[in-house]
Amino acid sequence: MKLLLANPNSTEALTRACATLARAAASPGTEIVTWTNREGPPAVDSVYGDYMAGRPLAMRLAALAPRPDAIVLAGFGNYGTGAVKEVVEAPVVGLAEAAMAFATPLCHRFVIVTTSPRMIAYTEDVVQLLGFAPRCAAVRAVDLPPIAAGEPAADEVVAQLVDAVTAARVGDGADLVILGGARLAPHAEALRRRTPLVVVEPVACAVAMAEALARLGLRQSKAGKFAPPPRPLGEYG
Amino acid sequence: MKLLLANPNSTEALTRACATLARAAASPGTEIVTWTNREGPPAVDSVYGDYMAGRPLAMRLAALAPRPDAIVLAGFGNYGTGAVKEVVEAPVVGLAEAAMAFATPLCHRFVIVTTSPRMIAYTEDVVQLLGFAPRCAAVRAVDLPPIAAGEPAADEVVAQLVDAVTAARVGDGADLVILGGARLAPHAEALRRRTPLVVVEPVACAVAMAEALARLGLRQSKAGKFAPPPRPLGEYG
Amino acid sequence: MKLLLANPNSTEALTRACATLARAAASPGTEIVTWTNREGPPAVDSVYGDYMAGRPLAMRLAALAPRPDAIVLAGFGNYGTGAVKEVVEAPVVGLAEAAMAFATPLCHRFVIVTTSPRMIAYTEDVVQLLGFAPRCAAVRAVDLPPIAAGEPAADEVVAQLVDAVTAARVGDGADLVILGGARLAPHAEALRRRTPLVVVEPVACAVAMAEALARLGLRQSKAGKFAPPPRPLGEYG
Amino acid sequence: MKLLLANPNSTEALTRACATLARAAASPGTEIVTWTNREGPPAVDSVYGDYMAGRPLAMRLAALAPRPDAIVLAGFGNYGTGAVKEVVEAPVVGLAEAAMAFATPLCHRFVIVTTSPRMIAYTEDVVQLLGFAPRCAAVRAVDLPPIAAGEPAADEVVAQLVDAVTAARVGDGADLVILGGARLAPHAEALRRRTPLVVVEPVACAVAMAEALARLGLRQSKAGKFAPPPRPLGEYG
Amino acid sequence: MKLLLANPNSTEALTRACATLARAAASPGTEIVTWTNREGPPAVDSVYGDYMAGRPLAMRLAALAPRPDAIVLAGFGNYGTGAVKEVVEAPVVGLAEAAMAFATPLCHRFVIVTTSPRMIAYTEDVVQLLGFAPRCAAVRAVDLPPIAAGEPAADEVVAQLVDAVTAARVGDGADLVILGGARLAPHAEALRRRTPLVVVEPVACAVAMAEALARLGLRQSKAGKFAPPPRPLGEYG
Amino acid sequence: MKLLLANPNSTEALTRACATLARAAASPGTEIVTWTNREGPPAVDSVYGDYMAGRPLAMRLAALAPRPDAIVLAGFGNYGTGAVKEVVEAPVVGLAEAAMAFATPLCHRFVIVTTSPRMIAYTEDVVQLLGFAPRCAAVRAVDLPPIAAGEPAADEVVAQLVDAVTAARVGDGADLVILGGARLAPHAEALRRRTPLVVVEPVACAVAMAEALARLGLRQSKAGKFAPPPRPLGEYG
């Protein structure tokens, strides 16, 4: 099976980091092919970044050849996930929906930790839109510097994650944590050593879910929301 | 006051139709300036269309000079409304949020009629995201042909609207109808002669709300969700 | 346009304070006429006060001649707002619904600050009833003395408001504050100098919304909830 | 125990009908004393009627001497129930809250049948305000003539009730019906012979609940919403 | 009237403690008969305990002869309450549903205090399932030792209850407290002397509600959820 | 990997039918081991059946040796799923939660079709408890005879499924259908040929999810709801 890991932003280092996680999570027969949204922003760090990412993401994935068996969109947000589902036949899975889907059998209420305080509102909207609000105890944030500055030391990120998780456990009653962003995903293993909560790393979940959907012959329904757009794609500008 | 009426799609005829409604609704001192999203799709008729519209809409409005006193986004949906609110200082109002805000003091529950069955799911998501679900009895649809085919006869559209409104009154308990799209807005007056429900035409509401916000010195909060994106806009791709 | 500003309580000083705010917010052609509910309580400070206000308010406004073009009910609560909408043809707007309607395009989640801790439950019910709960982060309170004692020093009120707003920002994630009462409305300008949150003053919003509804020919739907009462008003006691 | 059955409207025939139901439901030691809101409207058939009822209801019950051990408010709605709870020390129970409270252990979802189509919106607001929406499958209506016309033949009312209940069973999945008004309560017994659904008659429930609260020494909390109004009652107008 | 007080767990001391509360709450003509689930666990302290209790509880109560007029299930949880309602004709009332039903007319929002932190999630699920979430401000916990250790000193339990209640009042806006477990119920009287909040003791509520239902001829609806199981009970294993 | 497929009821034919579906869905390296709850009921066709199944299910699975790598509970309901999660270390997945989790990325709103009308209320409670209500358009039912009668002809079942799905598409706006029971699962393939909606077969989803969880090292959180019961299992009766 060929699974496309599509990074909605343009930062190749993030594509590589996600690919490492994806390959570690994939089944033996799965080939992970990566794609980076070079026309997109370096990070989806705002609604503006979300829309800057979504248009080229949807356009380019619609035209992709040869077609993969399934697509993982390696961002924790919206950035046109529904648009990609409309224009592609293969199953498409985003990080947020996969992580929350996998968290549901494992916990009472989960906390999502996002990358910066300003992304809390954005992430709450994603949770609401995907219908997982009844299981989400809270969205909390660490405070990563802008991506151009390079990634901070892992210790520093993990320390911030531990603080956020502890606050969510005590204050919100969360018993599971979802790492809410591709930049946070690589710290899952280290965080697991520091908290009794189950830590859900979303890239692995999305790869597992996409593989499973492809294997089971399931894909997004074309009988409603994700039907192909009503006019030829070339006419959309 | 200079109010920009920005059409998120590329169909100039729709810009003109909305401008007519906007000018009829505006206060004496308000100048309506129009802008059409020439790089966008002919219509926002899908999530794909939404994202194809949103990127150029947000980019171009961010760079607009001279700045208007307020902006009305003349589409009934999402298409990056939040992105525009982030990159612009002036108050920004979309049709959906304005129409629902104005409907709340006027009714028990409203119905939104959208332009085609496939836009029902899309519109339900917009209602949910904006937080108006407790007041929305239903989203229903007429079935307009693709916009390239030209607009159908007004009589035909109004007849379909009357059917949808009657169904919503009897089946959903709605006592007010919101015309859920720029293509439907021009039929408000004719529909009013055919139904006892209050008919809310969204362009007029958005113009009135944008004028009021500008006059009162109110705009989107920059203390949270709509803070400017964290990096210079030129770096977003 | 003649806009009636009706104070649901009997305190003339509040009528005057609201009239000042209303006139500052009104469009050039709008005449603000005031009315005070002399048979009502000095303040709507309880459910008892609410019902004491609502009966004379609805009775007297039903009989008012000549009829204004629109009515603003200058209290932040319920106090028979729906009853007035039933018995009057002109559009009727209360402070709470107008403030929340205008807040929706401007923020992620708003906080309402009410006048005393005992009004928190009352105000939560108003928010719930009007359907704005999904956008309301919290209702918080300052603690004003009973109205008969006269208004406390503005500095003291503003200091309390700043404390409530700060708590709502940090604890509830609010990015906009609504001043939840006619007694608090005059402090909007001073509060704006002390907080980065957008401050919504409800009298101005209600005036702007009522003006807009009248100009657009919109009023409460008579096809459902706000139909005239089924018997002659004189028979209601 | 002395239990006051207070009719919020001025129609003595309804007071008597409710008293008959109340006495049939009361425990041996309970004395039912009736009170009719002579300054109120003949029926609470609108929000206007609700507020016309609530003020004299709350004023007169606040002054009542000697105090009863518990009070049943024999109307199915709001009409100042909270105001009475504020001004009275004895436990106060309304028909709607008692009927829904007693329905919860008995069913999956209940339907409320109200007295006329225009009361559906009003009743939905009551359900929402009292917090029972998750258990309410629907509010439906029969169509009684105005109360002044006298009551229609029982057969006719029961036939309408059967139609509404059947529709609610098939269309809404309801397995229990609450008779949503004092005018409907006397038909409970006849309706039971015509439907397999459990029929909840609200006067009996309210009497039983009020008796129980009084016997157990429970009453509305004075630590929050129902604290006494902050000023002497004589100052409320 | 003969009312069966059925303890879902096997701890006779708890049966006796509940019987004391039940008899104090019962009407003169009511005989309280007790039953202990000897095949069940010593306490329902987990979901495992819940299911260990529910099977013998439902089996034995289905076969009980002679049949009581009503049944109170003296545990604060689920433990097959719905199963008992299916297999029994007499009205069946659990502690949680009775306590919440009686709390609704008395407060704005209640807090439930449960017996240990691990039961918070369990109790939140019970609240959700019964549909009372809109009225529940929070579920909080004291931390009782396992039941085998014997009950701690009353002073110690009450001190913990006071702490939980104070936190719920200040932090969650609760104005009424429900004692969420048979082990806590006997401390209601002492807690009342230590808090201004109304304290709801669930055994008394359930007895009063069961008595009332039996007297009024009401029982769980057999037209839906609580219809008898479709095969003879002997075939269920 | 060894995956245990545990049938919560005692009908071996259903275990075999589910095993066939499970083996078709499993990855190459996965061994499916089956287990039938011989002490349970022939079907979970009621709440009584649910509790009759749950106790032996949880007891026996707690004692199972050697331990599997993951457990699929092959029933569409509750029947003590949480209890099993408490007493087992390996990841445990039920059909309902797996099917809904896999449906979320694929649709706007799903319909669940259950095996008989009386299971609609039961299934609605399961959906609510698992937190998927925002995505569930409706629960509908076919009407299978009691399981002892043997399975009806496949054509007959599929015809009923097609009717239910069509009603859900037109009346509820569903664009995906979940087969809500092990007895319906084998008809997925035939139903796919008869409807444009995506058909989710829950056994395959649960197998895929359980495999993925085991491979990723994820299991239910022991930091909250699913912590081991507080006393030795042998003491639970």
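Think of it as A, B, C, D, E and F in the order they're written, each chain with its own count starting at 1.
Throughout what follows, contacts are C-beta pairs under 8 Å (C-beta built on N, C-alpha and C of every residue); 3 or more make two chains touch, one makes a residue touch a chain.
Note that this is a predicted model, so its numbers are computed, not measured.
Novice: Chains touching subunit C and subunit E alike, please list them.
Specialist: The shared contacts of subunit C and subunit E, listed by label, come to A, D.
Novice: Quick one: how far do you have to rotate subunit D to sit on subunit F, C-alpha fit, nearest 5 degrees?
Specialist: About 120 degrees, rounded to the nearest 5.
Novice: With centres defined as the mean of C-alpha atoms, identify the chain lying farthest from subunit A.
Specialist: The chain farthest from subunit A, judged by C-alpha centres, is D.
Novice: What's the chain with its C-alpha centre farthest out from subunit E?
Specialist: The chain lying farthest from subunit E is B.
Novice: Looking at subunit A with subunit F, do both copies bring the same residues to the contact (over half shared) or different ones?
Specialist: Subunit A and subunit F contact each other through largely matching residue numbers.
Novice: Provide the C-alpha centroid distance between subunit C and subunit D, rounded to the nearest whole angstrom.
Specialist: That pair's centroid distance is 30 Å.
Novice: Would you mind pulling out the distance in Å between where the CA atoms of subunit B average out and where those of subunit D do?
Specialist: 43
Novice: Take the average of all CA coordinates in subunit C, do the same for subunit F, and state the distance between these two points in whole angstrom.
Specialist: About 51 Å, centre to centre.
Novice: So which bits of subunit E are touching at least two other chains?
Specialist: Residues 85, 108, 121, 173, 175, 224-226 of subunit E touch two or more partner chains.
Novice: Can you work out from the touch definition every pair of chains that touches here?
Specialist: Chain pairs that touch: A-B, A-C, A-E, A-F, B-C, B-D, B-F, C-D, C-E, D-E, D-F, E-F.
Novice: Residues of subunit F touching subunit E in their complex?
Specialist: 10, 39-42, 45-59, 62, 80, 82-83, 85-87, 116, 118, 121-122, 125, 128-129, 146, 148, 224-227, 229-231, 233, 235-237
Novice: Under the stated contact criterion, what part of subunit A meets subunit C in this complex?
Specialist: Residues 120-121, 124 of subunit A touch subunit C in their complex.
Novice: Please output the residues of subunit B touching subunit C within their complex, sorted ascending.
Specialist: For this pair, the touching residues of subunit B are 25, 27-29, 85, 91-94, 97-98, 100-102, 104-108, 130-135, 169, 173-176, 196-198, 200-201, 204-205, 208-209, 211-213, 215-216, 218-226.
Novice: Give every residue of subunit F touching subunit B within the complex, in rising order.
Specialist: Residues 108-109, 173, 175.
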